[in-house]
Amino acid sequence: MALAKPSQGAREEILGRVRQALKSPAPKRPPVPTGPLFAPVENLLERFQREAATNYMEVKLASDGAGVTAALREVLASLTEGEIFVQDTPQLRQLAADTADGRPVRWSSEGAPAESSRATVSLCEGLVALTGSVLVSSGGCGGRGISVVAPCHIVVTHAGQLFPDLESAVARAREIAFDNSYVGLITGCSRTSDIEKKLIIGAHGPQRLVVILQTN
Amino acid sequence: MPQTITLFIPCFVDQFVPEVAADMVTVLRRLGYELRYPEEQTCCGQPAFNAGFWDEARPLAERFVRVFRLAETIVCPSGSCTTMVRCFYPELLSSSPLRGEVAALGKRVFEFSEFLVDVAKVSDVGATFPHKVAYHDSCHLLRELNIRQQPRELLRHVKGLELVELNRSDECCGFGGMFAVKFPEISGAMGDVKAGHVEASGADFVAACDPSCLLHMEGILRRKGARVRTIHLASILASPAAATTDRAGQAGTAQPAMAAPGDEGGR
Amino acid sequence: MTATREQEFHRQARDKAENLAHRKTVRWAIDTYDAAVARGKSRFADFEAARQRCYEIKWEAVNHLDRYLEEFEANVLKRGGHVYWAADSEQARNYVLELAAARGVKRIVKAKSMVTEEIYLNPALEKQGIEVRETDLGEYIVQLRHEPPYHIVTPVMHLSRAQVIELFREKIPDDVKGDSHEELTAAARRALRRAFFSADMGISGANFLIADTGMIAITTNEGNGRLCTSVPRIHVVFAGIEKVIPRLQDLATFWPMLATTGTGQHLTAYSTLIGGPRMASENDGPEEFHVILLDNGRSKLLADTEQREVLHCIRCGACLNACPVYRNIGGHTYNTVYPGPIGSVLTPHLRGLAEFQHLSYASSLCGNCNTVCPVKIDLSHHLLQNRRNAVEQVRPPWRLRLGMRLWRWSMMDAGRFRLAGRVGKALLRAFGGAAALKPWTEYRDLPPVPEKSFRQMWRQNGAR
């Protein structure tokens, strides 16, 4: 259903004013040589874990597939009864089959997560060691809601997905930018300190962000 | 190394706190400098400039350039006035026939503590001031002239002086020129906050390089009935022969602005 | 006679400045912020280099604004989104009002957007019978209190927990299960989840518009921005035209910088990029995506080459926290959408110098704002330029002009200067307690009036 008026509005008027304004040059500060903004990250896994701890993100290391399964089962067991929402991929289909233990599962191929989901499970586009962040996308990780709707978001990943810093992680985001309508960097749990500057973990987004990381 | 110093004594220092200038003179003489004082100097134009009246400030700035044209080394006991000449004259006089002289002038004018440490290369001027002193960083001095270490360096070498830490020493005292009387409620609150930090520091004196900050802080502290007194860096460095000793008991409104160093009754 | 803006400003400033409880609350918030920022800055190998880089990216973007806006628009359209160029507040409001009417929108959830405050969007939507719910916790609280946000990043810096308890017990009593900070946050979460999942439209602002990918960047900690842009079927973005930056890669610099100067964090919890509505292959997300680019005076500021860099602002709020004036008078006293140093500089350009020049004078020009600005805007110098512009363009009262001229005349000659000094001192001695001196004496004692000037001391004995 199209809008009654053409959608562009005062485009030519505004651009005209902008071009006219830019005919006069503004002063510029002299350039100053700048190196990298952050010191290089040495041990990616160690740094990721250290940063994650400061973000209230739980990182569970697993040395093999069995370890991943065990970790996921443990997290799911700690949740109250109810549906979970899982990204529909062969790996997660298998994992859910091994760990859901009768809990109802809604798949991303069915649509958006239900508001009452107890947890969501997804893959990710990458991990950032410098900041303890998780890179996700709508196309690659089961949609938009999967990383924000439920009180617990579980990410299944492996050490090969570690990026050292923001330059490399954002470069990856640039690569996938036109294949996804949402790309995001998630750095820890939802939080607020609006009331008296007291930090509360878990505002509107997940209160728990669990990263299950297979090291081999 | 210059042998002759030309004195730039700001208008309100000349009229309202001349002892600060006298104390600066005492120190410079002690160090062996010849002094010149161009009596034609009046005002650098800062009040008009800050108020936005650049057309009124401009002729004063041009006059200043002419008055100090032949001075090789100019020293001033005020950070804000030094800032006006070094940092703002280029913009104010950008269309003036004198604009070619302004950059060079800026390099020849120095704030007092800057001159002592960076030009004269002196940190110990032979002063004695056995009191606890907190140092306040005046805004223009700190942020436009980047002078932070020099006053502290000088204070550390004063015999008997204990330099105490002042919480948020770089927070504005609230004077700000016309701001002090145009927005007295805000200026007063900022001064009250500063006075609170000063009192909490446990100092006997709060020192600064800007007489304008000191006038404002002194007014606030006296109104609060505080024990702490304000003092200009020059008066500490001139001690024990500071002009302040002459002012104790001088007739005038309220109490003396600056207590005599060594005046036990002031503690 | 109703008070002018300036008179009202004085009244509110006095009220807040003398309120010691308010001073204590704000001090506490700022001390917390300062400590966090100090930690945040230490994470950078070279924080000053980061500021320079941010400056350079913004300079490039703003000084080639037409090129980058066109590139941004082309990419948004390519991705199935709509772009609307709004010359002013009214056009921006009308676009979304018509869109809402055409799509049968009854409920809207909003993530924080200063631009939507600037155009007075909420009242216009409500007038059309649409329920608008602010979802950022602080914005939600001030919305319930029917007051504007206190600060652009921390909207309820001025409130205590006791005040929030009272508010929630009145407005959302069924959601409140306790008095602690955790319970209050949980109560808001419950109330707002109902809003998220029943809304027809989500409205957000944008911290950055990314030209090379046609994406918008939003940063939040709470996740409300994520929910506003994931759950409702329509997503509308409001952004000033100056928000565009050239490349996605630039965010590797801006994301940590904004997080550090905004809240002292390394990164905010959610650094989000949205490029259009859901794609055909995706399982959820809005079906429609609209970006409203707002001019509303920005192109005029762009033409002011002296102050063009004011458009570099990334709305981090650092200058507010750094400002000793703001710390004493608080955010509401400014009575503008943008308070603090950036607000004082910017508002005359957006809304008129005559009415808002007083904000440029309500500063001691301490320059602390300049030192904390992540994009190196020379805020205090722009305040000086606003003052000069005010004198030149908005004629000051004749008394002031005459006074300045007289002052200059007496300063132009050493003899007149000495005479003026003698006269001034005599008057002070005689009328020290006079009402005319009240601006000084209300809060401060007068200094003693010296007998001699330095000039006289010099003449008499070389000032020995």
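We call the chains A, B and C, going by the order they appear; numbering starts again at 1 in every chain.
Operating definition for what follows: contacts are C-beta pairs under 8 Å (C-beta built on N, C-alpha and C of every residue); 3 or more make two chains touch, one makes a residue touch a chain.
Since this is a predicted model, take the numbers as computed values, not measurements.
Think of the whole protein's Cα atoms as having one middle point; the chain whose own Cα middle lies nearest to it is C. Taking the mean of C-alpha positions as each chain's centre, the chain lying farthest from the centre of subunit B is A.
Highest C-beta contact pair count among chain pairs: A-C. Each chain gets one centre point, the mean of its Cα atoms, and the points for subunit A and subunit C are 29 Å apart.
Centres computed as Cα averages put subunit A at a distance of 55 Å from subunit B. Averaged Cα coordinates give subunit B a centre that lies 34 Å from the centre of subunit C. Among the residues of subunit B, none is found touching two or more other chains. Every residue of subunit C that touches subunit B in the complex is listed here, in rising order: 10, 13-14, 17-18, 23, 324-325, 327-329, 361-368, 370-371, 384, 386-392, 404-405, 407-408, 411-414, 417, 421, 424-425, 428-429, 432, 438-440, 442-458, 462-464.
Per the touch definition, subunit B reaches subunit C in the complex via residues 9, 11, 13-19, 21-22, 25-26, 37, 39-43, 45, 47-54, 56-57, 59-60, 63, 139-140, 143-144, 170-172, 174-193, 215-216, 218-220, 222-223, 247, 250-257. Contact residues of subunit C toward subunit A in the complex are 28-29, 32-33, 43-46, 49-50, 52-53, 55-56, 59, 63-66, 69-70, 79, 82-87, 91, 95, 98-99, 102-103, 135-138, 141, 154-157, 159-161, 164, 181-182, 184-186, 188-189, 192-193, 196-197, 212-213, 215, 221-224, 226-227, 229-231, 241, 247-249, 251-253, 255-256, 266-279, 281-285, 289-290, 293, 295, 299-300, 302-303, 305-306, 308-309, 376. Those residues of subunit A whose C-beta lies close enough to touch subunit C in the complex are 1, 3-5, 7-11, 13-15, 17-22, 24-29, 31-32, 34-39, 51, 55, 108-113, 115, 131, 133, 138-139, 142-149, 165-167, 169-171, 173-174, 177-192, 194-198, 200, 202-206.
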